[in-house]
Each structure stands twice: as C-alpha cells, then as structure tokens.
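Below are two complexes that have chain A in common, paired first with chain B and then with chain C.
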Partner chain A sequence: MNNLFRFFILIIPIVGILFFYNILTEDKFYPGANFKNINVPEFKLTGLQSESMFVNKDLDNEMLLNVWASWCITCRIEHGFLMKLQSEGVLVTGLNYKDEATDAINWLNLYGNPYNYNLHDRKGSLALDMGVTGAPETFLIKNGVVLVHYSGEVNQTIWDKVFIPIITENEMFK
Partner chain B sequence: MIGEVSHFFSILASGLFFLSFVFSTRTYNGNHNLELLVSRVFSYGFSFILISFLLYVWLAIQSDFSIRYIAEHSNKDLPIFYKISSIWSAHEGSMFLWILFLAGWSQLFNYSLSKNDLLKAPAIGVLAFIIFGFLIFLLFTSNPFETILPIAPINGADINPVLQDPALVIHPPFLYLGYVGFVIAFAYNTAFLIKGDMQINWESVIRPWSLAAWILLTIGISLGSWWAYYELGWGGYWFWDPVENVALMPWLAGTALIHSLYVSSRSKVLRGWTILLSISVFSLSLFGAFIVRSGIIDSVHAFANDPQRGLYLLAFSAVLITSSLTFYVYRLPQLISKNLVVAKSKESFLTINNILFAAAIFAVMLGVLYPLIFDYLYDERISVGPPYYNTIFAPLTFLASAFLVFSVGSLWQRSSKLFYLNSFLSMSILSAFLITMASVYFYQEYQWWFIGGIFSGFLILIRYFFLIADSFMKKNYFNKSSATAHIGLGILILATSLNAALSYEKIINIKPGETYKGDAYEFYLIDFDLINEPNYDSVQAKFSVKDINSPNEIFFMFPEKRKYFIRGQITSESAIKITPLKDIYMTLGDQLDNGYWVVNIQYNFLIRWIWIAAAIMCLGGFAALMERLRKS
Partner chain C sequence: MKKIILLNFLFLSSVSFTSEVYIFESNVDEQRFYKLIHEVRCPKCTSGSIASSNAPVSEDLKIKIAELINEGYSDKEIKDYAKARFGNEVLYDPEINRSTYFLWFGPFFFLAVVLLGFTFRRKIG
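Entry: the complex of A and B
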C-alpha cells in the first residue's frame, strides 16, 4: 500500500511533465498561430497612398497580409524582417490598421516601405472581420483563403517554424 | 545607459545566487563558516536584484523607450503610477517582479532565521537555486532589458486600457507575493528531506511563512475578482477562467497546508501528508506560472509568446518538483508517525477535510487540463465552464463545512462525543435546518445547491456563535483567529449562495427622455454626454434612478463607453450603485439604428459580502500570524 502510494506520488507528476513536453514540442503548437482555413471576408477599402478602391479580387493570388500601424511599436521591430522578406520576393501587402493616413505615410517614408501596396482600414472593419485583436498580425493567403493567421511579431524563427512548412506544402512563392 | 547598468546588476545577481547554491551543497555536514558565507552571498544577490529592479522602475518613470519592453507597454502621457505598473502588465516585466518578490521573501527568511538553525544554509541553498533558475529564464528567454537600436521610438504603445486601473496596479503584486511566499515552506522542507534529521521541528518554522503567504494570496485573488467585477462589465465575480483556476489551486492547497501544519505541530501525526502539501503548494504555483506563460491555454490573461519559454519553465519545474518528490518518497517511511489518528478526534476531522481539499484541487486541475487532453487526443477544441465547477465544488464545500463544524467542539487525540441531544452541535444543526427551511419557503428556491449553501453557511455561523457565547460565559479560551476566519467562510458560503439564487438582469432598449420601470426602481435616461479625455473619448449616459418603495430617494448613475486612442480599444465602464444588500450594476451597450441604446441592468445581491467575507478570512489569518509571531 505504502509502496504503491510512493510510486504514484512520483509517477503522476512525471506523466504530467511528459504530456506537456509532448504538447510543447508538437510541430503545430505555436502560440499565436492559427491554421483554420477561412476565406478572406468581403471588403471594400481605399488604398493608403491612393484613393482607388480595393476589393477581394484585387488581392494577389499568393500573398502575405500584414496588419500594422504607425502607433504600433512591435510593428516597428517587425519592419526590418518584412523588408528582408520583400527583398526575397515574397509579396507583402499592408493592412494599415486604425491609423491616420498621414501618420502611416510618414512612417513608411521614414523607415522604408516593405509593402507592394497598402490597404487603409481606418476603422478596423476588415481587421475585425478577420479576427485581428491588435497589431501586428500576419495572414498567409492563397487564392483568397487564409492558410495561416499569426498574432504577434513575425521574425526569422516564426517564419521558419510556422510559415515555411505551410508555404512549402502549398508550393507558394515559387 | 541606466538600462545596461540595471541589466548588469541582474546578471551579477544570478551569479551570486548560483554561488550561494554551490556553497550550500557543501554545508550538509555542518561547516559553520561556509554556512555564514551562503547566507551572506545570498544577501548580496538580493541587494543586486533589488538595485536592478529599482533602476528599472526609474527607467519606466523616465519613459526610456530605448528599452523595448517599456516602449511596448508604456506611454509618455500615462500618470506616473501607471508608468510603474506597466512593468507588470506583460510577461517580461511581471516575471521580473515575480523574481524580485521571490528573492525578497527569501531574503526576509534568510534575515530572520537564527544562524544556528540546522537547516538554514541548505534551505537558503534551495532558494538560491530556485531564484537562479528563474533569473536565467528571465535573462535568456524573456529579457526585459532588450533595447531598440539604433533609433528609439518617440512614444510608447500604451498599456492595455482595461489594465489602467487602480486594482490592477496592486492585484498582481499581491498575487505574486502569495504565490512565491509558499516557496519558503517548499525550500525548508526540501532541505529537511535532504538532510533527513527527523528531530528537526520544521512545522514551527514554516507555519508563519505559510500563513503570511496564504493571507497575501487570498488578498490577491479577491482583488482580482473585484477588478473583474467592476472593470470587465460582465457583472460576475468569478469566471472559472483557467488563470483564475491556477491561482485557486495553490490557494486550496495552501489552505489545506496551514490546517495540516496545525495538526502536525499539535500531535505529530500527518507529518508525511503536511510535507507533501508544502511541496504541492509551490509546485502548483509553478504549474500556474507554466500554464499562464507558456501560451498553452487560451485565456484573457495569457501572455502570448514563443514555446521556448514554455519548454524552459517545464524543464525547470520538472527538476524542482521531481527532485523534491524523490527525496520525499525516499524519506516517507521515517515520516510516518507511530501514532494513529483517533476516530472522531479533532485530527480525524481535519484529515477528512484534507482529503476533501485534495479532491477539490484534483477537480480544478481536471477542469484546466481536460480541454488540453481533449485537443491532444481528438484535435478538437472544447472548454470546461462554470456548470462543471459548480457541480463539483458546491458538494465538496458543503461536506467540508460539516466536518469543520464537527471539529469545532472536538478534542485532540481523543474521540469526542458530539451528537448528544443538547450538544451545541445538535442545536446548531437544528437551528440551521429551521433557518434553511424558512429561507427555502420565503424565496421559493428549491435548488439543491441553494439548500446546501444556506444550510452549511448558517451551520458554521451558528456553531461559532455558540462557541463564542459559551466561551464568554465560562471565560474559557477559544481560538479567536480560527473563529474569525471560519465566520468569514460561513458568510462567504451564504453570500455566494444567495447571490446565485437572487441575482437577475434585465436588458432594455431606451432613448433619452424615456423611463424604464423595473421591479423596484424607475430608470429615467436624461441624456448623453460626450467627454474628451487626453487618452480616450467617451459617451456617458446620465440616468436618474428612483426607488419605487421610497420615492424621495433619487440617485444618478453614469454608465459609459470609452474609446482609447492609441490602441483603438473600446471599453465599457459600468455604473454601480452600492446598497448594503445588493448592487445595481448598469452597463451601456450599443446604439441601435433607431436611436435607442441597449442597456444592461443587473441586480447583484450580497456581492459586497463576498469580498467582506474574504477580508474577514484574511483578518483571521492575520490574527493567527500575529499570535505565531508573538509565540516565537
């Protein structure tokens, strides 16, 4: 009886620890990442640098949609990595979120523009429909379907661990 | 520059804690000079971490946005105390505060424990190891000192507006103080188990520390519940959110620990169980830290982040918990007392309640883990909600109250005759039964949890009333701190049961100039005000409310909705009218197209009494602590 108790006292936490280890090292476990394949909601937004209207069919077939704002400090940190992605041929479209156009344009002029173009979501309506809770968030989109939704800063590690497997699987950005 | 200095002091501190730990491993055979050195190096380690933290507070006050963490969580326009509290508004900084408290408690222990205490150096060594481990975690996976180079931003990102609140300035610190306070019991008992000298009276050493930690944890949890009530706008005081649950588990284990310690120090039974509890409380705190900071569970509180942190915390907790338990299992045969627990003695009732507490902890643990296990096995997200917890928790609470009441008049180490006809116990049961019948009849509420709640609440209160009255008449001694804390518990059970049974809400559509006539009040919407504040715009409704039963009594309520500029977040500020028996809780919803506004009116009965009860429980704990300190 006593030995059984002693055995269980030790074995229960060890089983728990192994269980958590398993969850944490699982490939799909990445806090902030969501892989539900949803369609990009209907939208109609002006561009940031132009007054022309953009709707769903204007999106590129294979693209990264990055939610950002000039007031967002983390976006400023993420910015360097987006510049690198753009230079590697990944199409990054900006979704400027709850921001004044002049602030956003100044920001791009000051630090450099990693986006091929920008949508201006001043009220955050598209962002709301897409489940954005704060900037920065990044969507990997193929033919109007969101393959990855990542909340938080995208950097080299996140890119390699979260995005690259999906990109390879779907043969994107060739 | 100051940022680098602060960073440097933290690095130095981690080195000192490591040294202190290494020295301590050489002291198990009793080397007095080395023991002194362990303690002294530890003190330096604490001073350095304190300096580092104070410099960091200075950086936050100065809004030094070259520090990434400060830039991401603070803002130039914030009042000074929010600048400071922004430090613990997210992962890195709150971890820093956690470590500061860990080191602070440990240093207080180091300072107050006699240097002749046989377990001092080993216990300080265990503490040094724990602090070292967390400092490494801070510096390598969650560095709050990281800088933004080359150009610092002009302004910061602001803290989340729902966190811009006085209760949030003090709630996490209390919670952390409580969490880490149990580290003393863990470290001292681990040292005891390593050393294996069964003569050492560890109960009396760790009792005051565990009591103090319990009080702070109780305050921390109550403040969190109070904040959630008036800030989140849902009108509830407890949501069974995973993060609340991981605070509740150490609280339950800590409550069991302080009772079990009482038994062990009185009659040397349950020593093995008490040590297991002291290991469990801190292990559950570690588990909580892991759950919250690994991002493994979605919650309003979770700090989203990378899995490296989770892995590190898991590995470090695994080292602490398994090594401590290994020593425990190894020493267990020596710990088991030759004395058996006598049936119907005070110990026996406390033992039964220990088992009930263990069951409650297991139930909460299962509730927290079940969605994870389910997701792991079936790849499907589910959530475990209040019905599960209420169904399990209510009966356990009622049973525990019954055994608590049995234990009141019982004797140590002797079987007690409790159930004779005119005993206080029988009289209490009878009166509680009559009151329960009357309440059921009066409120027409036949739910099992309502009957159980009213009965056990009154049972506790009446039994203690008899105890106090009897002791005053006969001028006997009675345990005042225990009576206070348990009266608090009785009030808590009554308040939660009545709150659940009586509270109701009404959702109304109303526009300016209209009156809504409720059961007991008339709400007249005068108009709306637009308010421009430096960091938000707000729409504020002005209601004048008339009590139908006493028409001369008119008061005003101003529920509002705020829109914060910097993050664009919309928050609802509820208006709360407090009366002794109930709160009127009003939340402004959305405006409809036809000019009407949706307003939610809740009547929350006895909700204040829940926090008053918690305060009374803390007061009881505090009295017990004072008594302990006076005796030692």
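Entry: the complex of A and C
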C-alpha cells in the first residue's frame, strides 16, 4: 500500500507536467482563432467613404473582413501587415467599428488605405451579430460563410499558422 | 444666485451620467432582463457579468437583449443567441450536456474515489 502511495505521489505531477507541456507547445494553440463556420448575418450598413448602402450580396466571394477603428492602437500595429496582404492581391474589406467617419477617413489618409472599401458600423450592430468583442478582429469569408474568426492582431505568424491552412484547403485567392 | 447655479449642476449631473435607458412593456420583462444580464458573462472581461461591465461590447449586448425581450424572444433563445456568438463560456451556468458532464459530476466522482480509498486503506491497515 505504501509503495502504491509513493508511486502516485510521483506519477501525478509527471502527468500534470506532460499535460500542460502538451497543450502549451501545441502548434495549433491560438486562443484567438475560431474555426466555427457561420453565415454572415443579414446587414445593411452605409459605406465609410460613401453614403451608399451595402448589404450581404455586395460582399466579395473571397475576402477578409477586418474590424478596425481609429481609436484602436493594435489596429495601427496590424495596419502594415494588411497593406502587405493587399499588395499581394488579398481582398481586405474594412468594418469600421464604433468610430466617427471623419476620424476614420483621416486615419486612412494619414497611414494609407489597405481596404478595397469600408463598411461603417457606427453602433457596432453587425459586429455584435458576428461575435466581435473588440478591435482588431479578422474574418476569412468565402461565399458568405465565415471560415476563420481571429480575435487580435493578424501578423505574419498568425497568417501562416491560422489562415494559410484554411485558405489552401478551400483554394482561395488564386 | 451662484448657489442656485451650482445646485442645478448637482441635479443635472445624474441626467448626463445615465448611459442607457431600457424600456420594457411589462414589469415581468424588466425582471427577466435583470436576471439575464446577470447570467451572461462579459465576453471581453476576465470575469464579470455584462450587468457589472460597461465595456462597449457589454453595453451592446445589453441593448440587444432588451431588444430581443421586446421582440418576444424566450430566455433560452436569448441565451442561445449569446452562446452562438461568444461561445459556451458566455453563460455563467454551464448547461448540462455531454461535454459538461465531467464539469458537473466530476467533483462527486472524485469525492467517491477518495471516500472509497479511505475505507480501503483502513481495512489494509
């Protein structure tokens, strides 16, 4: 009995260490990534630079939807990478979140515009419907279905590890 | 005169601090609202219900819940709305289903194991 007890004292911490080592070093361990497929909810929003209305069918078949705002500091950091994606031919549409149109347009003029166009979600209604908790967040959308929902800054590592496998699998952006 | 002006500031301050007024058709609906916002976790905070949070997403969620109540949604439908968007962890009381059996009944299982262990050890000793 005593030996059995000693054995357990040794084995329990080892199992614990292995368990956490396994989780924390896992390649796919990105807490911000969500791969649940949902349809883009019905929306009707004005554009940021134009007064025209946008609805679901105006979205491109293969696109990124990037939630951003001029008050969002991480968006400023993410901005450079979005410029790079745009130059590589990835369609990035902006969802301007809880922002004043003038502030947002100034921000784009100042730093450059990586978006093909912007939706202006002044009240955050579409964002709430899509499960956005803040900015920046990025959605990979194909034919009106969300394939990846990433909360947080997208950079080269996140792009390679989280987005590229799904993009290759679905043969997007060719 | 100066005192009256200052007094006015005092009375007006409460008005300007009111962030959102929720309007319901009945008292029952209002009670449901206050019960629900205590059961839904703020998706952006470490821990706290949306009732206790003034994060933008919590404010939006509260407005949305009030809207859904007025549109006649049931409590379950509203919880499902939040769950579909922000995951299972948005509900404070996890539902009992296959993936949460361990969470609900695990502690009783461990208690049983320990109690059995104790009786077993007495017999050996």
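Operating definition for what follows: the second predicted complex is superposed on the first by the 169 of 174 C-alpha atoms of A that agree within 3 Å, B and C clash if a C-alpha of one lies under 4 Å from a C-alpha of the other, contacts with A are read in each partner's own complex, and residues count from 1 in each chain.
Simple rule for what comes next: contacts are C-beta pairs under 8 Å (C-beta built on N, C-alpha and C of every residue); 3 or more make two chains touch, one makes a residue touch a chain.
Treat the numbers as computed from the prediction; the structure is a model and nothing was measured.
Using the contact criterion defined above for the overlaid structures, shared-chain residue A:87 touches neither chain B nor chain C, since it reaches no partner. By the touch criterion defined above, A:74 reaches chain B but does not reach chain C. By the touch criterion defined above, A:132 lies against chain C but remains apart from chain B after alignment on the C-alpha atoms of chain A. Judged by the number of chain A residues each one touches, B leads among chain B and chain C.
Once the two complexes are laid over each other on the shared chain, residue contacts for A:102 go to neither chain B nor chain C.
Of the two partner chains, neither chain B nor chain C is touched by A:52. Residue contacts after overlaying the shared chain place A:21 against chain B, while chain C stays out of touching range. Look at A:30: by the touch rule set out above, it reaches chain B but stays clear of chain C.
Of the two partner chains placed by superposition, only chain B is touched by A:157; chain C is not.
In the superposition on chain A, A:38 makes contact with chain C only, while chain B stays out of contact range. Across the two superposed structures, the residue set of chain A contacted by chain B and also by chain C is 98, 124, 134. Those residues of chain A that touch chain B in the complex are listed here as 2, 5-6, 9-10, 13-14, 17, 19-25, 29-32, 71-74, 76-77, 97-98, 124, 134, 151-152, 157-158.
By the touch criterion given at the top, residues 1, 34, 38, 98, 123-125, 127-134 of chain A touch chain C in their complex. Only residues 65, 68, 71-72, 148, 153, 156-157, 276, 283, 290, 294-296, 302, 304-307, 310-311, 314, 317-318, 321-322, 325-326, 328-329, 332-333, 336, 372-373, 376, 566-568 of chain B touch chain A when the two sit together in their complex.
Chain C makes touch with chain A in their complex at residues 43-44, 56-57, 60-61, 64, 84-87, 121, 124-125.
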